[in-house]
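You will see chain A twice below: alongside chain B first, and alongside chain C after that.
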Partner chain A sequence: MAALTATAPAGPRKLLASRKTRIGILYALPVVVYLLVLFVYPILSTLLLSLKDADGSFTLHWYADALTGVNLSVLITTLRISAETALFSLVFGFVLANAISRLKPLWAGVAMLIVVVPHFISALVRTYGWIIMLGDKGLVNESLSGLWIPGAPFQLLYNELGVVIGTTSMMLPYTVLLLYGVMRGVDRRLLAAASSMGAGRVTIFRRIYLPLVAPGLASAGLLSFILSLGYYITPALMGGPNQTMIATLINQQVTKENQWNGAASQGVILLVLTLAGLLLVKAVSSLGASRKKRNAS
Partner chain B sequence: MAEFSVAAPSVGAASGKSVTATGKALSVVALRKTYGDVVAVDEASMEIAAGEFVTFLGASGSGKTTTLMMIAGFCEPDSGTITVGGRDVTRLAPQKRNLGFVFQQYLLFPHMTVHENVAFPLTLRGVPKDEIRRRVGETLEIAGLSGFGGRKPRELSGGQQQRVALCRALVYRPPVILMDEPLGALDKKLRDQLQVEIKTIQQELGLTVIYVTHDQEEALVMSDRIAVMRNGLIEQFDTPRELFERPRTPFVADFLGAANFLPGRIEQHTDAHTVVRLDQSGGLLKARRHQLAPGTEVKVAVQPGRLRACATDDGFCTGTVETATYVGTLVRAGVRIDGGDAPLLRLEVPAGRGPVTGERIGISADPDDVNLFPTEQGG
Partner chain C sequence: MMELRKTLTGRIVLTAVATVILLFLALPIVVIVVTSFSDNAFAAFPPDTWTLNWYKALFADGSKWPAALSLSALIAAISTVFSLIIGVTAATALVRSELPLRSAVFALVLGPLVIPQIVTALGLFLLFEPAAMLGSPIAIALGHTVLAAPIAVLILIATLRGIDERLEDAAASMGAGRLTIARRITFPLAAPGMIAAAIFSFITSFDEFYISQFLSSVDTVTLPVQVYNSLTFDIDPSVTAVSAILIAVAILALGLVALVRWIGSGRQDSLLSVENTVGVANPGGEVV
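Right after this comes the complex of A and B.
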């Protein structure tokens, strides 16, 4: 009897499990097909393209080209501008999200709308808006000259400053949205608890608030960095020749030089950089966690 | 228990400047707080000695939490002063008051381990690393949490988390520790256990504690003195025994003792007693001697456990038992008193000799257990 009750449920349970698995696969099928067709195939074919010589044989010289001379300096410029953009959109995003998260829910909603709505407008239109604002006779320089600020009008366009202003404004909604979500999740009573033990504002910010929103900072910074890496319109319109970014270069090769293989190799490099960035953040955060564990024990 | 006596002196010595056992740890003078037209706390005054366990007891909206928050500095009083160890802290920010606070929701820092949580207030005070490690270790041991130092708060049960929160509030030996319904989120069994633990730690370390709760039993179990609060007023601030046996207002008699109230009129005074004639039965009832003029309308308050069932011609009134519920060691009876349609008189008598439904009984009480309140005092 005991043996019967012990073995009897095992059979049906096994059957159920396998049936569950089969149904699961069925449900997942559309997603798998979707990913294969629209994600895996294009990446693989780009990879193949970047490794193929004109006569169809295997070669690495597209990568050698992409990592030397002008192409290399474009790559470095891209990384630098993306890093600057990530930094500035993180700083401004933090200040903005922090202020919004302290508002009453209704006003916070309105503020978030104001931050996000401009994003519904085409990036091209917004970029031209910036160009009008930042030109020699634009609103910003006219105001500065009117206030007798020495050195005005400043060169705010067609240089790195112009590009970073433009891309930062494009990235801001992402960082604000991400950081706002994390900040809303922080229990404000924890800050009160810290103050009851004698912690001042600076200490509370540094040792309680900042660590609690750190995951949001990391993901927001990474997101704006990755998005900037492949950004095209704003750097192309607001930068000068020295601010050519990798997306512009890829565009030139495909549309003007019909050079698909070179473009493919640069696309792959961009992809690898993005993945490297993701891994870096993951490594840094897990390193921090393990160090903390060691400190405690 | 042995570890308490070992640990207590060293933790005490480490703090260096705790208030002496006879000193006044905290005093509150005419503290008042209003929210619009609502008076949350009305001229609350009290003095708390070092080493005392004081509870603010009241229903929600009684002003107990508001008073605590004003002492902690999270809420600014309209008027009045708060003094901690002789220092006026009324207008100081919370972090400058050097008090401890234990919250109902624990509020442990989720990104820190248990050890880091408890060490946090010490690091703020610039205590050397070795000493931090020693004091945190000792404090965790007192709370029975040795070996949990490396864990994150989310890996602990609710009871353990609240023990950590307690450690964090007492590790730097603040002159007063405030606790806002710290056991409110725990289940009954754990609550009973932690009540005893907190009380034991408080006594062993000589901590001064102000504790807020709405649970009478909890207040009676833990407190040296209880401030019963209602509508922003302190109704009575006394030892549990005094509150229970000598309530000063009908509210206190009802809230703590769940007393029966009977209307009556002062008949006369004898040497030792005041005699009251009850309105309903016309019976005479002896109470402790009160300074009330004969003829004064009074409310007679007696707790259910202090009433006795007796022969029909021995008591101050007679009645019929309508309900009798057996609850283990006791029988709870509801008695319909003759000569009036007052609510059922509630009795708690030892089981075994308990009355039976339908039985005719007399009811008596020891004069010392009978409290009188003039009727105009309200209730």
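Right after this comes the complex of A and C.
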């Protein structure tokens, strides 16, 4: 009798499961087919093209080209500007997220709105805003001259400073949002406990708070680094010839020089760098999760 | 006392620095909007005299902007339809069914969001160029959907997870058929999420630059490509007015999403008196 009641629901449940599986496959089909045809296949053909010589034989010389001479210096510039952007958006993001996490809910909401809304406005438009602001007669230089700052007006556009200002403002929403989430997750009782045992402000920050938010800091920094790598609009519009980044080079090779193989090899290099960065982010966040678990216990 | 003063100064400094950083984010946008009404579009802030000339110039004879605007709107509309079809089916598959290789499908959906857009654009160029489809609005819309559909999928996953399945079970227990449940319960509850997905898909396509630039021809120039061109090649002061319009469209869209969410949140609560968890449970740390 007991065996009968136990097995009775198994039949319909199995039937339901297989029906649910069939529906799942059917409904997943559009997105899978679409992305396989218009996303995976194009990227695979980019990879193939980067390995193909003019006569169709296998070659690595597009990669050799991409990693020598001017192309190499563009790659190094890309890494440098991305690192600078990551550093600044991390520092500013940390300060802002920290300040927001101490605000009253209403003001925190307003501040978050100012952080999030620009993110949904076209990067092209925001870059143009910076161009207007940073020009010789722009708001920034006019204000600096008005304050009798020696040396003003400064050259803030068409150099690395301009590019980094622009890209940092594009990456800042990401770091602020990520770090705000991490900071909200910090267990305040740990800080209180340290304080009750006589630890000073600096000690608490250095020994308790920083280790707790460190994984979040690392992933936020890495993420803004990765996102900056493929950036095109801001460096192209706000930089000079020394700020050519890899995306600009890819674009030039396709639209102006018809050098598809070269562009493909650079695209693959950019892709590999991005994927390596993402793996690092994943490693860091799993490290952070295990640390959090240990602290909680 | 010493400790208190230190905290107060620290707090003031922190607030000042935070304000400067917020200005850093907001000012470029404010400056564009103000400059678009300025007599001299390229200098002097704040403006000396105000004008609507740049907006009028947008629709003057021989202006390239109306064509670019309608092309972008057309492409965004097509892309939104594709994204919604893909989004609704994919979210249903990922949330409401037992899907084999579920995490692989989810990774595929996230792919276009994490891979540099220039790489996606290059791949699409290599796909459409041999097919002689460069400059075709359909090709650009298909390309934009690669970026917009994943966003729609993520929003709709959150929406479906937020719908209490007990409401559907209750309807079923009272004899409602599958179609009736979908039409009377699931769809009305999912509608705010679908509208949000549609708005974000539209904006994604409307603002997209990389794919448009690679796939456009002389005759098919989308609005962002036209903005980029007028910033690099021919200096056209109307570009400030266009930028201000793009800002207004984005803010309007966000406001609309917030409004729809606000209306939608009341709906389920009125059907379900049980206290719902605010927001959407998101196991696996999937970012939505």
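In this text, the second predicted complex is superposed on the first by the 235 of 297 C-alpha atoms of A that agree within 3 Å, B and C clash if a C-alpha of one lies under 4 Å from a C-alpha of the other, contacts with A are read in each partner's own complex, and residues count from 1 in each chain.
We adopt the following convention: contacts are C-beta pairs under 8 Å (C-beta built on N, C-alpha and C of every residue); 3 or more make two chains touch, one makes a residue touch a chain.
Computed from a prediction, not measured in an experiment: that's the story for all the values here.
Engineer: Have a look at where A:A247 lands relative to chain B and chain C in the superposition and call it first, second, both or neither.
Structural biologist: second
Engineer: Using the superposition described at the top, determine whether chain B or chain C touches more residues of chain A.
Structural biologist: Tallying touched residues of chain A, the top partner is C.
Engineer: Return first, second, both or neither, reflecting whether A:L38 touches chain B, chain C, both chains, or no partner chain.
Structural biologist: The answer is second: A:L38 touches chain C but not chain B.
Engineer: Figure out whether A:A193 sits in contact with chain B (first) or chain C (second), or with both, or with neither.
Structural biologist: First partner only, chain B.
Engineer: So, does A:L144 touch the first partner chain B, the second partner chain C, both, or neither?
Structural biologist: The answer is neither, since A:L144 touches no partner chain.
Engineer: After lining up the shared chain so the two structures overlap, which partner does A:A99 touch, if you call chain B first and chain C second: first, second, both or neither?
Structural biologist: A:A99: touches chain C, not chain B.
Engineer: On the A-aligned overlay, A:A83 touches which partner chain: chain B = first, chain C = second, or both, or neither?
Structural biologist: A:A83 sits against neither chain B nor chain C.
Engineer: If you stack the two complexes on chain A, which partner ends up touching A:L49: first (chain B), second (chain C), both, or neither?
Structural biologist: Touch partner of A:L49: chain C, not chain B.
Engineer: Using the superposition on A, tell me which residues of chain A are in contact with chain B and, in the other complex, with chain C.
Structural biologist: In chain A, no position sits in both the chain B and chain C interfaces.
Engineer: Name, in rising order, each residue of chain A that touches chain B in their complex.
Structural biologist: Against chain B, chain A makes touches at 187, 189-190, 192-200, 203, 207-208, 211-212, 292-293, 295-297.
Engineer: Applying the document's contact rule, which stretches of chain A touch chain C when the two form their complex?
Structural biologist: 17, 20-21, 23-32, 34-36, 38-43, 45-46, 49, 92, 95-96, 98-100, 102, 111, 114-115, 117-118, 120-133, 135, 137-139, 142, 169, 172-173, 226, 229-230, 232-233, 236-237, 247, 250-251, 254-255, 260, 263-264, 267, 270-271, 274, 278, 285
Engineer: Using the touch definition from the top, list the residues of chain C that touch chain A in their complex.
Structural biologist: 11, 14-15, 17-18, 21-22, 24-29, 31-32, 35, 42-45, 82, 85-86, 89-90, 92-94, 96-100, 105, 108-109, 111-112, 114-120, 122-127, 142-143, 145-146, 149, 153, 203, 207, 209-210, 213-214, 224, 227-228, 231-232, 239-240, 243, 246-247, 250-251, 253-254, 285
Engineer: Any idea which chain B residues touch chain A in the complex?
Structural biologist: Answer in residue numbers: 72-74, 93-96, 98-101, 103, 105, 107, 109-111, 113, 115-116, 120-121, 124-125, 149-150, 168-169, 172.
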